[in-house]
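Take a look at the structures listed below.
You will see subunit A twice below: alongside subunit B first, and alongside subunit C after that.
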Partner chain A sequence: GDSWGIFTFLCAALCNLPALPALNCSEELGTSQSIQQTYDLTRYLEHQLRTLAGTYLNYLGPPFNEPDFNPPRLARAERVPSATVDLDLWRGLTDNARLAANYRAYSRLLCYLRVLDGQVGTAELRHRLAHFCASLQGLVLSIGGVMSSLGYPLPAGPPAPPGAPPASNDFLKKMDDFWLLKELQTWLWRSAKDFNRLKKKVPPAVVTLRLEARGF
Partner chain B sequence: ESHTQYERVGADVTMKCGSMDWDAAVTWTVNGTDIDESHLNGSYLILKNVDLMQSGQYSCYEGSSWHLKYQTYLRVGTPPKEPVLMCRSNNYPKGFYCSWHLPTPTFIPNSFNISVIHGTKEMVCEKDAVPKNRCHIRYLQLFSTVKYKVTLTVTNALGKNFTTLTFDEFAIVKPDPPESVVAKPVPNNPRRLEVSWQNPSSWPDPESFPLKFFLRYRPLILDQWQHVELSDGTSHTITDAYAGKEYIIQVAAKDNDIGTWSDWSVAVHATPWTEEPKHLTTEAQITETTSASTSSFMAPPTTKICDKGAMVGSGAVAVCWTAGLVVAAYSVLFI
Partner chain C sequence: LSGSADPAVISPQDPTLLIGSSLVATCTVSPDFPLKAEDLYWTLNGRRLPKTSYTTLGPSTLSVALAHLNGSRQQSGDNLVCHSRDGGILAGSCLYVGLPPEKPVNITCWSKNMKDLTCKWAPGTEGETFLHTNYTLKYKLRWYGRDNTCQEYHTAGPYSCHIPKDLALFTPYEIWVEASNRLGVAVSDVVMLDILDVVTTDPPPDVHVSRVGDLEDQLSVRWSSPPALKDFLFQAKYQIQYRVEDSSEWKVVDDVGNQTSCRLAGLRPGTVYFVQVRCNPFGIYGSKKAGIWSDWSNPTAASTPRS
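And then the complex of A and B:
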């Protein structure tokens, strides 16, 4: 109904990210350097997330902040992109596919986090979330930068609106938040491994490419 | 026919002589030795407050004919206490293993059953032949958000118990310690030691899942360790070793991003390179002042300059402060 429409609009508006990072940037970036930087960013974010998640889960209250809370995955939670992947499939990913998966995932996650930011109660949480979103935006841009420098096209347009309607009750809403944070954490762990693999595959000699500003 | 009977420590046990009447005349033996009649109540054998020593083969013979009427093997034990369970991934991303043991023995046979649940799926943990109380699981998926729940149930004839572990894929990653740690002196460098090692052989994919390392070293005579964390490479040169002192060195490993540090590797010993000692004559002492002042400690003299309390360290590397000061003072005089 009404709330669904508002939610979609919110998401679309907040998710209108530019497809290309650093427009009009003519800096020369060593690709292996930017992969290293992206890797470092994921580690930094993972560290930041630990504090943020702790605060947020306490805000949600029990059972969400209990260390052994292990709820079943409800079907509705599938809208949040999952880092989980078959081992051989993950190994066999091309560089393009690997980067694209990360780019898409963080774009979507960022979108959901921004919606969260708008709804959250305390000032401290809003501040932390805002800071985290800014860092996460930096990560998305960084991944985009790596893709461009390797000549890969960025995944199409703003992320699709979420498939499931927003939670009908308070508890389900909290569950959604819980899984969002969990997926984010898992993605950051996975990205560290993704970028490790990319580091090894891109030749260590600095490959410099000029970033071109492209419209989309 | 023969039976086996399990009883708890401290229990009272009554053994009947098969189908014999209560008032029949019988003789009981344990492991071939006659049991005194005071333990009998008619033809029943009464054992009160049994202990482990009373385990054995109990036989009942008809009084006059000495026919064997009943035989049972009594095993005294305890029901199992809560087992100790540990799960660990030393071969990430291949999978993980779980191993278990009982905190106290039960003295009777136990059987173990392990179940692994991942979300809604039940996974099979394949039992290892060696060591016995261990099983391993292969990951089907990587980077899972759903926790693994491992339940170990131990059962014996006197009872059962269980324990559960719940964990994330990343939390149990702990490599084996680095292998083939080697430490060598560096020629013409009295303060250096070159250390090298290898990735643990159980770690399947160091390319995609690189390890980082932690090196610790100290001279044998001191208790305080020096630490160095190394984010890549499998070698390191120590540049601040005390000249002439024997060092003990260990290395630990950790996945670059997740999990916990391995145990410390086997310790290796090494002493930095030292110059060949020159023969001390009066002339040599004067010309040698510069080299004497750089090595501040010398072998402890056995004269009374030194008392026990002023000794630092122990054994072969004991150093006497007073003697050291005396030598240093002489060296300064000659500069």
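And then the complex of A and C:
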């Protein structure tokens, strides 16, 4: 879609046709920057999560903080949006569908993290969690911004309510917390790749060209 | 594989225990699962428990005996886990092992410009309770009887609370701290105070340090009285401290009294000095108590003339 736009503009510029309205120019600039910012924010969150997860898993205690720990995912843990999907399926989605999936997933993950924040023991952990939630909120808004600037509608309504009831004992809750952090990690890792790919579809070079053309 | 049933059930689930107590826990495999007692083993905080502590209580029930439990390794509880032979987790139970809290002590409070009250305290226990302990600061007017609970915690360190408004002057308050954890509650002694007796204020603003003509061993310090209390500071005390640039030893001038200027003498010529001033708003509204010193003002620098 966008590469066709570049071509038509090039033709218009070379044939001295009226330049495209300024609005289009700033929109393209906005989108490219939004995507870059969203990518940067994703990488920042990945980095923050490493420290947060380390601290939190130490708080849960062994075996949760052991490197090869892999507890069973019981049915109740399914309420956390799973990041493991068929990669070919994922790549085959439209940009709109992929962005919407990211938007929905992070909105729900944010809800669960906020619940965690209310219950956690140490002041240091609460402080880290609060900071992380604020950044994650920023990511949700940033993704929304990218979707808007690309002309995609935002996914409707508040995040879906949790499917299964909350954990019935403290140990199960620890396992839920473990999986929440793990899924968050995988989502962020994959989103970074998604935004990197999206960045390449909206090259900033388009903007430079248009500005130069206007200098005629 | 039945999605809704848990593979196994541990009893007791998430118990709270006193340090040194013993515990017998059982793991019962759900009837939907083809596991028997001999296929199970236990770990505590990731460490396998010895087979000698196990007892088979039934075809699919294995128990473990834990004696003389130490305080919990983490406040979220010790992780006691029942595993199947291949290492898979079947069920877990969080053990909360610790001590009940001790009375919080050393409650000290101060009011900034008579507008609020901040109190801090120390936990009673010399060592640890191993359990998460919640502290609640409560206060009431001595003669009215309704308890209030402080809401803003950790404003001046981990054991502190801030009461931002609705404080009465000229009337004593009773203040105390309640500590509670899973094993019990402890209440501190009650502290009684009048807000006017614990007033502090901002450091004096506009501190200026200047030379006294050509006098090479003197400096003149001037400041303003803190604006928030300027109408009340009839009896304020001030203190000055100063040091040479390359020393960390402060010299204190104590008898500054109520004035807003002071002359430092006996100084070294051609030397840079750092000067700070602080204020104690004692005697507000006739209060007889000592008052509380403000923070020091930011250091102001000046140099004496060379000889």
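Quick note on the criterion: the second predicted complex is superposed on the first by the 173 of 216 C-alpha atoms of A that agree within 3 Å, B and C clash if a C-alpha of one lies under 4 Å from a C-alpha of the other, contacts with A are read in each partner's own complex, and residues count from 1 in each chain.
One rule holds for everything that comes next: a residue touches a chain if its C-beta (ideal position, glycine included) is under 8 Å from a C-beta of that chain, and two chains touch if they have at least 3 such contacts.
Values in this document were obtained by computation on a predicted structure and should not be read as measured data.
Under the clash rule set out above, the superposition-derived model of subunit A with subunit B and subunit C shows the two partners fitting side by side. Once the two complexes are overlaid on the shared chain, A:S82 sits against subunit B while remaining clear of subunit C. More subunit A residues lie in contact with B than with the other chain of the pair subunit B and subunit C.
In the superposed model, A:P72 makes contact with both subunit B and subunit C.
In the superposed pair of complexes, A:G151 makes contact with neither subunit B nor subunit C. In the overlay built on the shared chain, the residue A:R190 is in contact with subunit B alone; subunit C does not reach it.
Of the two partner chains, subunit C is the only one that A:T122 touches; subunit B does not reach it. Contacts of A:N58 after superposition: subunit C is touched, whereas subunit B is not reached. Judged by the touch definition given at the top, the superposed model places A:D170 against subunit C, while subunit B stays out of reach. Once you line the two complexes up on chain A, you'll see the smallest CA to CA distance from subunit B to subunit C is 11 Å.
Put simply, subunit A uses residues 72 to touch subunit B in one complex and subunit C in the other.
Listed in rising order, the residues of subunit C touching subunit A in the complex are 3-4, 6-7, 10, 13-14, 43, 45-47, 73-79, 81, 88-89, 91-94, 132, 154, 158.
For subunit A in complex with subunit B, the touching residues are 43, 46, 68, 70, 72-73, 82-87, 90-91, 179, 182-183, 185-187, 189-190, 192-193, 196-197, 200. Residues of subunit A touching subunit C in their complex: 58-64, 66, 71-72, 74-75, 121-123, 169-172, 174-175. Against subunit A, the residues of subunit B that register as touching in their complex are 93, 119-120, 139-147, 149, 166, 170, 207-210, 256-258.
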